[in-house]
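In the two assemblies presented below, chain A is common to both, partnered first by chain B and then by chain C.
And then the complex of A and B:
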């Protein structure tokens, strides 16, 4: 098992290096003085031209390209992501401010979509061919066809503006920081964000459940005289669920993509809305860094999926 | 006794049916044109047929926009600002008095062009690369695979926005960006089909005839992989239309002076418009949803009609 994990990581490292290299190449090619995103703006304003040249020297900016890349990479690994050119704030600070909000939103959306997707998918499979099944299938298609932000707008109109049950957007009002204060703010964006994923999980859970129900051991369980719900839940559902849970790791890109737009709709102070404003103001260092971060998240998730799959199914890790 | 009698009758019945089929065959009625079975299967799927009707309707209405509406989609009319729907303005008017029905029709032209055009172009790139490298294998295959892995390890919208930041905003840039971010999926599909098809005996036969590689892979193998590729094109059309709408909604897609479905929705970020002027954003949102839904239904229908193993 350990050998398998190590092998997977070894495959991942060159990939991560190539992408970080491309990002660095992008940073070098985009307009702007490289010094300006490597030191803080206060420092930039207060130093003389000679000092700046000396600084350039010490930061390695006169060195050949690959050496510069190497220095930059070392900085990255120590959490030195450089400075945003638009706001002049350290990117590390921006990310540590914004990341908790995004993680909160994504985690709740992931939870919703997993629960709803599995439950609806299993119901759909158990009632295969019935009206319920057809209605659920068409609803699922609707879920992947309606733009997420349009769902968001309709939800804002109904629940925030007309009924006034929930706030229009934002995360927390100043001074309200208890556990329960989070709930009204997060619930609408998370539900909207989870719609598309719910539809995907549902479709997958349905076919996985149908697959499990056609197996011989289900017949055996029935012939033992077990009640139908026990057959379905304990024998069918348990087996059907494993691939569904594993698949959720692969849904991370969908989640990240969706959260970029949904954060904007709900003025959610997360990485996604920061990314949008960075793209608008052409703040290249910040754009590149967030993109790099999202790639690393996706690569890590795929590694975890592989490890999880190998834990569940021993055949995978023996397969070269 | 009754059993043999029964089976005898059944046999007679089968014989008669067989004769009938043979007669038809000799009369040439059964040599149905290619695609007949496919079309019947596709249309017998009610959702797919519904999708095809809605899709055709929206495309036709968009293309025929100049005949269907007397207004100019960019004509500003400051005396008719934010008017609710009337007989003159079916979907009402927007913040500067432009007729929204007209804008939805003309916007459809651009949105559909972006969606369908990007899907087709990225399919061409993906198929050309995937078929060739999948067939020849070796370092070309490995290289193409690595490149596609790099593209696909970005969440799509992040890569799109990153490229928008670098290349700048314009209609042609958006299509180029969509092609760059979209070719990977179809490339992998084409490559995977190629890997299994190139071992078939007919391919070995072609090779032993001395046919050139491009002819074998594009003329003789590609047609056998067309089913899943078509399904993929429809599904990526749906995805690109959603992506265009999302990006333009954010103000980062097609430049705002060109009417597209996403650009019309852009104003709904304003909460006052969202609350008070539903006609500005609701109809166009429904049109986008209906269109994408119809494309998805078509894609599903195609999958069922072309792939007999995936029915359920």
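And then the complex of A and C:
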């Protein structure tokens, strides 16, 4: 098992290198270079060619592509992510500001949707054809098909404006920073963010569970005289869990990079809203960094999925 | 020995060796408001230390009969009529009256009556070790402690002829071969020394050499532990080899039953005769005449009125439009056919 994990991590390194190279290449292929982003077009028109070259030289832009990539990579590995061209702030500072907020939101949403999705899916499968199952199915369909900003606005209307139970948006008020102060702010955006995924996980868990329950070994388990909970959970759900974990795992990066809309609706100071403004202001270094981050999130998620599925299903562990 | 309660005044010694008796059992399936009479009035006894073979083609109700005894039927089916009586050491238990997955039924499953299934590839849970799956039975039916499970599991695997049981016990089913998995299944079934072992086509998914080994193993268990075996098969060769008693099923009825000699040597039902005639004989060469039974089994939702076999039967007469009664033609031999005398006489030729 340990060998399997180590091997999976080792495979990750060349993949990450290739992807970082592709992202860097993508930036290289965009018209202009760093200097043209730094100087306004008016100044560019009046500036002399020597001064531009001197500026390029001082930034190391005269060096060949691969050398620059190498220097950039070294910087990345040391945590030197460069500077935002829009505000001149170090990207490191921006990320350390924004990333925790996004992670907090995503982690809570992921937790909610996994727990609710699995529990409801299993109930739905065990009571197949019943009213409970039908209600859950219809609700699930609604959850998947209605866009999340709609739920977001409705939730704000009900819980923040009418009932005044929860704040309208934002992450923390100045001066309040204990763990408990996070709760009222995060609970509504996280729940709204998790609706679609809960519905997805629930539908998936239901069909996966039904599939598992129709297997011969469920009959074997019953024929041994095991109690129903053990048959359903240990023999049914454990097997049904593998595809569900794959689904949840591949939603993870979407949650990190893609909670753009919810972050806008709730004024949540996360990576998603930063990403939008970076794209708008053509802040390439920042866009590149966030893109790299979501790619890394995908890689990490697939690693996690592989490890978890190997833990659950011994047939996945290919090595002995 | 504990006194055995009998509902009717049957002779004591005649029934002391009966482990389970089934009387006029009817199990029906309901789909789309239609009813499939999968088992339609079946009676038989499973005797201690004997093997009862149930033969018949696909869909005749063999497996449903087995599932009914274990109360492992799907939700859309139920026991419509009849009695299943398990003669336990502590008196008779009417299985048909127990709640399906209730505590009483669960305490019988696995410990008193165990079952092995057709396909060992799918009957074992792929995500648990063989040892774990054996110890699950031990956990619910024995007083063994957690630390003893493993020792007992190893012991069982060794008894079933699995080499290196000490390391094999921690393996997952996917690293076992088909024959080994079936041995592991039998180990699991035998773990709590059940009085009755129901084997539902245990070797259909295995190749012939392994088949022979599995049957040898089952025969050994029967002799050593006095386990009553109910073996479901469609292989007449297996019947001749292993059975003490045979019941031939067709469309939910036992059309003929008796000792293995009676049924195989002197078949009195046209279906039994046809089954026996359709077996190719090794050594007769490729030009031998294998007589397939003409036609196919009727649609269970659209059954013939009288004898279910009538449409395919060479002995058909007008009387066959009425379902024949069961006729006792010997102390153990019974048949459901209007013309059993003629069929029997022909067979004797």
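As a working rule, the second predicted complex is superposed on the first by the 236 of 320 C-alpha atoms of A that agree within 3 Å, B and C clash if a C-alpha of one lies under 4 Å from a C-alpha of the other, contacts with A are read in each partner's own complex, and residues count from 1 in each chain.
One rule holds for everything that comes next: a residue touches a chain if its C-beta (ideal position, glycine included) is under 8 Å from a C-beta of that chain, and two chains touch if they have at least 3 such contacts.
This is a predicted model, so every value here is computed, not measured.
> A:101 in the overlay: touching chain B, chain C, both, or neither? Say first, second, both or neither.
The answer is neither, since A:101 touches no partner chain.
> Given the superposition on chain A, which partner contacts more residues in chain A: chain B or chain C?
Answer, by number of touched residues of chain A: B.
> In the superposed arrangement, does A:118 touch chain B (first), chain C (second), both or neither?
neither
> Regarding the shared-chain residue A:290, is it in contact with chain B (first), chain C (second), both, or neither?
Only chain B is touched by A:290; chain C is not.
> For A:264, is the partner it touches chain B (first), chain C (second), both, or none of the two (neither)?
In the superposed model, A:264 contacts chain B only, not chain C.
> Considering only the touch criterion stated at the top, classify A:298 as touching first (chain B), second (chain C), both, or neither.
In the superposed model, A:298 contacts chain B only, not chain C.
> Once the shared chain is lined up, is A:126 touching chain B (first), chain C (second), both, or neither of them?
Neither partner.
> What is the contact status of A:153 with respect to chain B (first) and chain C (second): first, second, both, or neither?
A:153: touches chain B, not chain C.
> Hey, what residues of chain A end up touching chain B and chain C alike?
Touching chain B and chain C on chain A: no residues.
> Within the complex, which stretch of chain C touches chain A?
Touch residues, chain C against chain A: 70, 72, 101, 105-111, 114-115, 117, 119, 122-127, 136-137, 140-141, 172, 174, 185, 188.
> Looking at the complex, which residues from chain A come into contact with chain C?
Checking each residue of chain A against chain C gives 215-217, 219-228, 230, 235, 238-239, 312-315.
> Chain B touches which residues of chain A in the complex?
Of all residues in chain A, those touching chain B are 15, 18-19, 22, 26, 30, 128, 138, 141-142, 144-150, 153-154, 156-157, 161-162, 168, 207, 210, 252-254, 256-257, 260-261, 264-265, 275-276, 278-280, 282, 284, 287-288, 290-291, 294-295, 298-299.
> Provide the residue numbers of chain B that touch chain A in the complex, in ascending order.
Touch residues, chain B against chain A: 47, 146, 149-150, 153-159, 161-162, 164-166, 238, 242, 245-246, 249-252, 265, 268-269, 271, 274-275, 278, 281-282, 285, 288-289, 292-293, 295-297, 300, 312.
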